[in-house]
């Protein structure tokens, strides 16, 4: 099989670097195009990113030689690749227009950006939860007059940490009414340079701008349905999020208390549900799909970021400490790798799903 | 006024060191006796603690010259001091008997240990919340045949962080039904050596042995009442605690969501309640009482451990981020210094209360 | 005595904040003027610095109400204060001109900036080492046609850590020929926001731009002499510096190996020299002078940043681990507080010296 | 080829865990035996190490089922394996006797322990530096009456960081006279639990017991020669080491200044020497040999622990910042992974060398 040619729009930032690292030797995709702001354009990628490459792995050699293009140069992008991952840093309006430009030019866009997350005909994908939401793409294309182009987005990294295990319970027939979640989020979630060391050594910051709103609202779309070419949110679920920044490099931890709508499964039943959970990405064996997608840790003090963030190549969700909640019904701890599952890796999995479903050539 | 002579039982441990630091130049108390296990006994305190003194301040000079006594040598203790602070590390049964021995010998015992926290006639004091609980002391003395001796304990450090602001609301007439609290606790809470650096760099540990049970149960006694010489717990309040260890030296942070029993005050009313809260320690001007006891921070990203743990000399509770909770009623962040307010400092404030009330000479 | 009115030029940055903290309640100086870039000008200081105040202490109340002026508004500065501390962030040429403007306007300038450190008639002061270098001020004023104005600078923070103990040996008659020093420097030395948390958690950075050159060159001027109104550097001493950034908030540590010019004192003699060292600031009792200026720690694992940075109110140098060096003569570890002794505190001590010597009214 | 059966003596400790991780799927060796103190003996390895497994990777499945034996049970060891890696924690005398017991029983012992490092007929191997030192094994066996058994040791982890690049210069004909080295060592070097988080957050510790002596003395044996069946140390080289513990998980950094015996290569020549350095492990393609063994980083701020410790699978030495030294001749920064190259990985490479040379079956 010939690999699909992909471009990274915003390739010099931290998420862009993660894409390049994760797509190195990908069986379905090959990076043939890197784009960034005009400042970086025209130089080999390795030069453009010199002093700003923050991955613990070296720059993939072939990518290092690619000449960086300007993100606004759509014609070059059209020539060089067939699909783009968008992780450009800019204000929401600019991102929205830029991504729509790429889609109009015939390029499917998989975006890390929050700009289009609540656009009515744009699916926000967590492939284990709502793979069927891609069904909106034909009407998205039709309404907007796009050919092969389209836009899909991934949710915020904090959502990936706790939503899949909650969804596994829902999928097993246990509707959830309320969630109170406190997150302990890694500094890599804030991009680079992000949080200052002066604020993060011997400290926690109990606030991340915009994060609680995203953590509370995005799941309602992911769990929602499609009506007349638009997403209808699942408003019967209420979520309360406390988001904290902690001195951890990678790996968001979430302390979750939840209440079921009626009745509730036993703790043993829940563990069985998680241990046997499997979804579309596993069933159709997408290259980046973790097996299993949810790992339940029996140890009393797990999951922990350093030990569990790399589970399933950074794509699995680790869960532990399931116990009864004196106030709600049950509670547990969940953890995922925020820059893999929660960012570039999650978007790559979505792209694989689109390709398997035929939305990407 | 002549100062009361105090002894520290368990003086070489980290909490013991904190007592010595905080009692240096105390207007009411003077450390005249330090006791530890037989290993340390017989040596000047400075020698006994060499290589294990972990305070950022030097050993108070007079204390450094005190000869350490064996904690089991009650006779020396009786000669050298009039009240003892107990922070000896041992199993619960041993601690219980040791503390009862001191009390029987006529020495009031203020304890950091959890051994007697749920003993029916022993008050667990947070002086801003339940100063009236000392009223049980006369019957404690009578029932047990103790003269001047008695036992009072302080609650777990995690409780100090969030209970006073919750109590302030209750005291203003707003009964609370449910609390979901996630704590981000400092490593000093685990004593010395405590958590290994290998487990704490670039990591969080979502489990602290016994901590959640204490965080959930102890407030019910503190908020309880005395009936027939025994404490009756306030069972109408339910608390769910998620306790996490984070890479912070000092200062426990708590993310609190709470539900009122009926109706609820507005956010503005709550801030006024906190800003004007004053309790017995403030009213009778105990030397260690913080003024104000609760500090509301208006900044959107406060309180934070490094910036707020020393508020009120480490004795004030800092609160911030009050907002509506989509699941319960309101939510906020609270923070206190776990080794000052949450340990030695809280116990010293209790001792001051006992002295002001005449239970200590 | 009426206090001298002082202005802080660059008051909103991290060093500026340190000045305000350290000058709160200063017996000789009173902050009456705060200046910053035009962005901050016109607003109360507390507003201008909102969200950027990184001290662990609150903003001094009186200062919080001062209206921030533009650093280029010399007329206001002349009206509002009699001496200025300069810690403005800008390129060297701009700083040089700005500081000369203040001096020409009759205001003595004590600067943290490196711009004038190697200007021939500007003294670079470490008051315990070269208090006599202020003798150049009359010729500086005369040559430049300045009246009451003048410029003095403080050296780089890394220099303060190891130079005073080395100088103490020199002052006792033991000339030093070579120094190899490796520094482990705190993140606060890089200003705010400075180093990213992503680069500093679970990491060290073995490079700080420009730091090794400063560490090697500045001592030669401080140890130099005045000839014909210009400083002559002490070129017989050679220094090799390895500068590292480590995950420490405050406190630079230096590992020093040194070789004497001829012969060498015994280790015991060196400790006596350090323990009895006293210099001009101590002799004339400047308010910020630490007593003693050098603290020798006998423990085998000291000095350490957390335990020793606050020695002498952050103004003393802590030294320890003196031992023979198999390659050079002796070696030891030195530590000082980089944002107190090494920055604002050191400059305030210099200003006190200038006032005691009559160069400041 | 059938794999050699290996045993891990001290398998439950942190170094033992590293062996198990690194030997998982090793082409030449298969772990068939795990031994520990009597406390752990008799239980499956996974049980014995529960709560103490600190690797970021899970326990290799086959090993998890092995029953842990008592380290003193030589007969079982002889039955179960053909060579042992020793990393038992005990006092030096006990380790010495235990290792001699295994060797006498016919089992080659490759040891991480320091007990036999200065035994006259025991080679201390860094395979890139002194592979020829194994030539002492026949006389070791003969003198001690051992058959197939023998003892070889690896040096301290701090030595691995800076010795290979220095040796590369020596091997190219540039004799070195003096070295001043300051190390910034990771906490994993202290074993588990090792340094307390309370001592390591916002701090450095400028002392590691015994480390400087090892860092200064061990290279002299490694660079020495064999005379009459005993090692003669290279006494013409003098090393001065300053060893510091820093808040880094893995990866020791070393700041090195060195002086050549006569003349000196240019900086460019040195870089060429490093970039082209190749030694016996590379020439005979040992499975764990890094290619290249020394990686020179051109960036001005490298090597850094997080980015460079995993170079060459954790077996390569990263070097950078080569520049002239104002006091000695040249200086640079070196870095290696202390628990891979500096501990288990280095010992496995030595075992591979022994097998390639025929000393292990």
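To keep things simple, chains are lettered A, B, C and D as they appear, and every chain counts its residues starting from 1.
The rule we apply is simple: contacts are C-beta pairs under 8 Å (C-beta built on N, C-alpha and C of every residue); 3 or more make two chains touch, one makes a residue touch a chain.
Everything numeric in this text was worked out from a predicted model, so none of it was measured.
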Inset, instruction - Identify which chain pair among C-D, B-D or A-D reproduces the interface of B-C, meaning that over half of its contact pairs, matched by residue number, are the same. - result: A-D
Inset, instruction - Count the C-beta pairs in contact for A-C and for A-B, then report the pair with the higher count. - result: A-B
Inset, instruction - Provide the C-alpha centroid distance between chain A and chain B, rounded to the nearest whole angstrom. - result: 43
Inset, instruction - Provide the C-alpha centroid distance between chain A and chain C, rounded to the nearest whole angstrom. - result: 47
Legend entry - Shared interface positions of chain A, touching two or more other chains: 199, 201-202, 247-249, 301, 306-307
Inset, instruction - Under the touch definition given earlier, write down the residues of chain C that touch chain D in their complex. - result: 178-180, 182, 184, 199, 202-207, 216, 238-240, 242, 244, 246-249, 253, 255, 257, 300-307, 320-321, 325-328, 331, 333
Legend entry - chain A - residues contacting chain C, complex: 14, 54, 187-188, 192-202, 247-249
Legend entry - Of chain B, residues touching chain C in the complex: 50-51, 56, 201-202, 249, 299, 301, 306-307, 310
